[in-house]
């Protein structure tokens, strides 16, 4: 399963046509609602099956390492530039800074697809998201590179699982590097774990084959841990495997 | 907002006239009550709008690093020297070592200004200060350089907030270097965060402009964190953003 | 007391005949039940007095240090190769991956010996083992080298002791290097501590004499700690000696 | 106040005559009761005003650093050698390994002096000591050099204070190097803190004057901390000054 970002080098249509696998569309909400509508409609038309609304990335964080290193993003393509007539293409980079639940509802209204909210770290926010009709909650601290000293997503997971986990899809990302990390996230109540950097590392080292190799290894390690720990299937990976820190 | 110390190189009058911004007067309580009265009356007359009584600095701590480095304070001016006839100028450096609640009440009696007690680390002391009419409680461990192994002010904050925070102004200082630190202090219940060293660093590096730059950066970082965390305004920075350490 | 592994360089008969001391037989459960029966019957016939069923080693873990170092196990002997006619010797290395409580019960049925389950880290599993007739529970994380980030066996011990400790033999291994470690494990409720690596270190350094020396030292240290701590005998080593981490 | 050890280079009589200050006699209980009686009677006769019975030093611990360095104690004098006719002087080095409450009671019976038990780390033991008539409990882990991984005495203090602190003298030693350490021990409920190594360091560096200097500094630091923390006297150093570790 691939989750395509609205901020990408290739257009979402190019990405969608590259693979027949399941895919979701992740939107950094633009300030211009017409452009938002365009992106959502194009996602639906390209075959994406869910909309992920990122709510913890509505402004740039100060990424000082990048500034110090003097790195700038390579610009390889036109991405998802504006196509709607009448929308000023120059405003397409502006993010909506006052996101509210109507903006989230708008995604479902336009596409009819399930909406997943990404960047949640508290149970209170997860409960509100579910009330507003979100089909899933994506627990994430944006790779730990947005706000200093944020809680690890995996630490924020348990209260969220307790609050909404029974009926809502819970995704978690952050620090998943090994099959053990997947096992641990599932044991803490996540339904799905997302990975970011490992895939990029794999791509940098071996292209498409490198990416396949990363997934193959994660899967093999998860199976090994399940076998050694005595979990016969994914459903058997429960909180019983978590040992609280205590003497 | 500037808080001028009674132990300063310039006189409080010179400091007051340098800026039209709001300012408070912070008093290291002198042993001589006539001199105390003089300082308080001069503060009132110079336009300071609150009196801060520091209660955790009634003697010198052993600052061994300074001793080892052989540093002594530069003496750039006459400061707030005695002006009241009949008060021995040589005693102006003597601090009152047996501060009590009458001394605190005296500040309000002389000036009619709100009194804030500085250097509080326990809820019990905060409760007593409020009972004695203090308008605010300044939670501080004196920059961590007075007593070894003192609790961080920010750790001491929650029980104090719980005890008196609803009706009393709570200020906290210590370790505030980033907008994130301000956010965290506010989330833990402080109304105001004070900064000391960053301002001096700014001044050392860029004079008045350096100081402005420090404040501008703190403000920009705070706004960025609020935006990323989803707090629309200062009131929205609540304890919900604090993640307790637990598996 | 020696616990012989089913995966050994010498056959269990050779090992049994080397010493008149008490010995248990530890079985890595083979996939072929006829071969399992053979191993169990031979163990009984050779004088082993209990069967230890290892349940956390049903597949190979990825031991990356070994892979990096390019080490392979020396092969010094035929071990416990298949002797039962009709069992394909080439399948003797295959472990049963879907171990269940019938497999455990089978050990007792074949041998009539007490069965101890090894590789338990949760109270829930320990309770189930006791229900299924196990005489003992061996708390172990397989030397910490099977699954990354497993709880230390000694941390997993207290809830297991609380759940089944009163009537069931509790063995613990992992990190026992000093008499103090034995003392601590007993204080936390274990009946027996097992040691692995120290014995191998002793053997590598001084052969049989080295092994004796390791045991002698462990015993002397345990006696010293008991004397200094004021525990007159093994029964007096109780939870009272454990200090919880708290201010 | 000086506490003289029964294992000393000078005799207790020489030590007693060197100073008119208050002094206690600390006994490493000898195996021979006649010799124990002799030591106790001589202590009483020499003007010691209390007996300290050390219960956590009834055998030698393995002090590996000393062994590695090849250090042996210098032998400067005859110490408290046997004087009672009929007691074999060669047995004077043998310690009683099965100390019991009768041995403790014996100290009071022989001398009529208050008896303090030294080397206690649990509330249970402290309660028993008080039941058996001990006037004081000395919380100590023998300088951390007897048993590895022992709790710090200061960590063991709170439950002991809670159990017997109201009516029993509580002494604590271990790690007291600064006035702050004294303050902390008193805040945690100790009545007295004992120091060992700092005194020896002072003696090594400056003889009698060095020792005086160590005490003078400890006292000055304690006074400074009390002044800065706002404790007007020793009684005011309470648990309120202790901040529990919590977010």
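Residue numbering begins at 1 within each chain, and the chains themselves are lettered A, B, C and D in the order written.
Note that in this section a contact is a pair of C-beta atoms (placed from the backbone, for glycine too) under 8 Å apart; a residue touches a chain by one contact, two chains touch by 3 or more.
Because the structure is a prediction, the values reported are computed rather than measured.
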item	value
Subunit A onto subunit C, rotation angle from CA fit, given as a multiple of 5 degrees	90
From subunit C, the most remote chain by mean C-alpha position	B
Type of subunit B:subunit D copy interface by residue overlap (half), same or different	different
Cα-centroid distance, subunit A relative to subunit B, in whole angstrom	44
Inter-chain centre distance, subunit A versus subunit D - centres from mean C-alpha coordinates, in Å	62
Multi-partner residues of subunit B (at least 2 other chains)	none
Chain contact topology (line, ring, star, complete or other)	ring
Interchain contacts (touch definition) - all pairs	A-B, A-C, B-D, C-D
Interfacial residue positions of subunit D with respect to subunit C in the complex	55-62, 97-99, 121-122, 124-125, 142, 146-149, 151, 155-156, 158, 242-245
Of all residues in subunit B, those that touch subunit A in their complex	178, 180, 184, 221, 224-225, 227-230, 232, 240-241, 243, 246-247
